[in-house]
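Below: a set of structures, written as structure tokens.
Presented sequentially are two complexes of subunit A, the first with subunit B as partner and the second with subunit C.
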Partner chain A sequence: MSETYVARSAAVAARLLGGEMVVMSAADSTLFSLSEVATVIWQAADGRTPLSEIARRICAEYDVTAETALGDAEAFVTELARHGILCVSDQPIPAAEIGIKASDAAS
Partner chain B sequence: MSLMQELNRKALRLGIPLSAHLDITYRCNERCEHCYLDHTDRGEITTEEIRSLLGQLADAGVFFLTLSGGEPLLRRDCFDIIEAARARGFNVKLKTNAVLIREKEAQRLRSLGVEQVQVSVYSHRAELHDAITKLPGSLGRTLAGVRRLRSAGMKVTLANVLMRSNLQDSAGVQALAAEMGAHYTLDPTITPMIDGNASVLRHRLATSQLETVFHDANLVGDVENFCAPPPAVDDETREGLPCSAGHTACYISPYGDVYPCVQFPLACGNVRRQPFLEIWQHSPQLAEVRAIRGKDLSVCSSCVHLGSCTRCPGLAYMEGNMRGPSSIDCEKAYVRTGIAPVTMQNPQAAAHRVPGLVQIETRQPLAQLQTVS
Partner chain C sequence: MTGACALSVSDSPQSRVAQGVTVEIGGIPILLESGDSEFCRMAKERYAGFMSARPEPACRLKMDVRAPAAPSDEDARVWRDGRLWRLERGDFRAEWDPESRSGFVRQSRNPYALDTLLRLVHSLVLAEEGGFLLHAASAVRFGRAFLFAGISGAGKTTIARLAPPDAEVLTDEISYVRPSLDGYRAYGTPFAGELARVGTNVSAPVATLFLLEKSAENRVESVEKLAAARALLRNILFFAHEEEMVKRVFDTALEFVSRVPVARLAFAPDARVWERIR
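Moving on, here comes the complex of A and B:
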């Protein structure tokens, strides 16, 4: 089974405000407010960590089955990728390909 | 309630400065006749100081960051600053005259993920625009810069400051914006200079011109709604806040001074001497600004326009009392609605201001708002 890798796009702004991740796309000025679990996925989307591993972390932290966690994570990633906020690949995504270092945009 | 409104409420509740306006220089390559700035460099904060400040602003929760000036691109480290800001996750908006935007700069802004660029344009006619900026050839260079930005895929807003001399050209600037695929915004506000010099106010629109603007659907949209009578003043209005200045927004000068807003020259501290968060949380000046509610306004609390007035506490402060009226907003309220504000009914009340204060010295685009759970 091939892995899925996700990375935050360079063209977004993000800020953790009172435990809630707020994300805005520079491309279309769409504002997103992420739930707690979605925030975990967002923060882990470094281009190197497989989505399956991110789903495992969610399972460890929240009362949810592996199947549900992965399904929700895939749906979330698909939705944000549609808005150009996340980059998705079946290969690890080098930082250079997404511009600004992914790790920097998570604060 | 939109997501942006929710965000603002949350920031207010948590005491977070959601928006910050940072002027990185007061130097400028234009000399606009209505400008409120002294363009002399009096010791700008350095690149490293700005890097440190950006970290502090991010930690404090600032999300929307406006970088402006003066002309920000006159700083050689402008792109280093923008890059540092984007790396900190800010939503960055750049205000510039675009004179120095070549293809390379346009592409760089795009690749850095700057959300939008706002460019001042005073007229579609070079003879008038250049006369206002006092820089020959400036309109041509500005528009070339805007076209490069648009070609690079940047979102651009043409900001049209309306004055006595250029009101008749607003339609021309709107047409320019439409032709270039840019947004258009107008601003009829001229503020005194930061040293208190009020001579630039002679450029303000005359009352009859304001009337023209406020009743022009091309400029204000739904005229009937825009000019509607003020809503009845209720307890919510009396307990309401004047604006976001000092509550969820702040301004920082190129010298590190922190103010509630770019139009509110009440010095609250300096980031060269104190951490930003200490100023934001403990400045007595900001505490005073935050304590003001509609019911506390010395004259306006008894005005029928209290619930819908655009009263600017910064302009009121510049007139002598942050709790007093801002006369230009009294005029606007009257011109919009035809209903006299209390300052016109009782001019003596308006004259009751605190004299002698030393005067030391802006959305989002129409975003589609969504929530992802």
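Moving on, here comes the complex of A and C:
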């Protein structure tokens, strides 16, 4: 089974607002507010961590089955990729391709 | 205060005399360097109350003033070109260097071109420091500033017109907001809307941002932070759409709503609405 890798697009701005992660697409200024679980996926989207591993982390932290976690993560990733704020690939995504700074990529 | 048409400046080893007027809005004096006496007179009249007597301007625009032409009704275009910003509309063309805080402008001698140019330059300067220009009326009362944001027709001029005598109206159209040590500060601007009256040149700490909504009755409702950020972003004037600038404005908006209370003000055109503003 092939893996899915996700990375935050360089063309977005994100920050916490009152404990909630808010993401804006710099291309069209659309704002997204991420749920707690979506924030875990967002923060782990470094281009190197497979989505299946991210889903495993969600299982460990929240009371959901692996199937549900992976399904939800895939749906979330597809939605954000549609808006251009996440990049998705079946190969690890080099930081340079998406403009992630070295310091971010190392985190 | 006087806005002398000849100012002594010392930006080079040998001091020289620069002709022009210095307009100070939001505590940022901008020297409009020009030997065109008609232009100087026009600027002094239009920005009376905002002339600066400071010997050193923070910013400098070298003006190449051309014969008056009809104001352009097209939108201004702003884009980054290397280290410079380029600003353009039918009635002016300018370049702005954010590092040296200086620029060159070719514009027709009409006040609307100058007004737009100053808004653009101030929006770029403010973006660097986390401030912004906002589609909002604002007023100072009891030493605190209140902002009333809304699109055209939301009631900015009405709320300014209803302000009680002890309130100082900063503007009925474009509010000027800068970060300060303990929050944000709003400044008076000469940018007038339908009230056709320049604002009072004073400043005060921002107490609340109200989002205006016309209604049959007066009421104040709290607004959750994400909705506040969305509303603020809709009303901030930013003309440049470069990724870097968009991200900066996003950060600024979220920082502002995390530090300043935001509420929805539904109001009837009735002076009693000011009883709700505190």
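Everything below uses one rule, namely that the second predicted complex is superposed on the first by the 100 of 107 C-alpha atoms of A that agree within 3 Å, B and C clash if a C-alpha of one lies under 4 Å from a C-alpha of the other, contacts with A are read in each partner's own complex, and residues count from 1 in each chain.
The rule is simple: contacts are C-beta pairs under 8 Å (C-beta built on N, C-alpha and C of every residue); 3 or more make two chains touch, one makes a residue touch a chain.
Quick caveat: nothing in here was measured; it's all calculated off a predicted structure.
Chemist: Determine, under the contact definition given at the top, whether A:Ser33 touches first (subunit B), second (subunit C), both, or neither.
Modeler: Both partners.
Chemist: Comparing subunit C with subunit B, which touches more residues belonging to subunit A?
Modeler: B
Chemist: Go through the superposed model and pick first if A:Ala69 touches only subunit B, second if only subunit C, both, or neither.
Modeler: neither
Chemist: Does subunit B (first) or subunit C (second) touch A:Cys87, or do both, or does neither?
Modeler: So A:Cys87 meets neither subunit B nor subunit C here.
Chemist: Who does A:Met24 touch here: subunit B (first), subunit C (second), both, or neither?
Modeler: Both partners, subunit B and subunit C.
Chemist: Once chain A of both complexes is superposed, is A:Ala11 in touch with subunit B (first), subunit C (second), both, or neither?
Modeler: The answer is both, since A:Ala11 touches subunit B and subunit C.
Chemist: Of the two partner chains, subunit B (first) and subunit C (second), which one does A:Glu79 touch, if any: first, second, both, or neither?
Modeler: After superposition on chain A, A:Glu79 lies in contact with subunit B alone.
Chemist: What residues on subunit A does subunit C touch that subunit B touches too?
Modeler: In subunit A, residues 10-11, 13, 15, 17-18, 20, 22, 24, 26, 29, 31, 33 are touched by subunit B and also by subunit C.
Chemist: Which residues of subunit B touch subunit A once you look at their complex with the stated criterion?
Modeler: Against subunit A, subunit B makes touches at 3-4, 6-7, 10-11, 14, 16, 18, 58-59, 61-63, 83, 86-92, 111-116, 155, 364-373.
Chemist: Which of the residues in subunit A end up touching subunit B in this complex?
Modeler: Of all residues in subunit A, those touching subunit B are 9-15, 17-18, 20, 22, 24, 26, 28-35, 38, 76, 79-80, 99-101, 104-107.
Chemist: If you look only at subunit A, which of its residues touch subunit C in the complex?
Modeler: 10-11, 13, 15, 17-18, 20, 22, 24, 26, 29, 31, 33
Chemist: Give every residue of subunit C touching subunit A within the complex, in rising order.
Modeler: 225-226, 229-230, 233, 243, 246-247, 250-251, 254, 257-258
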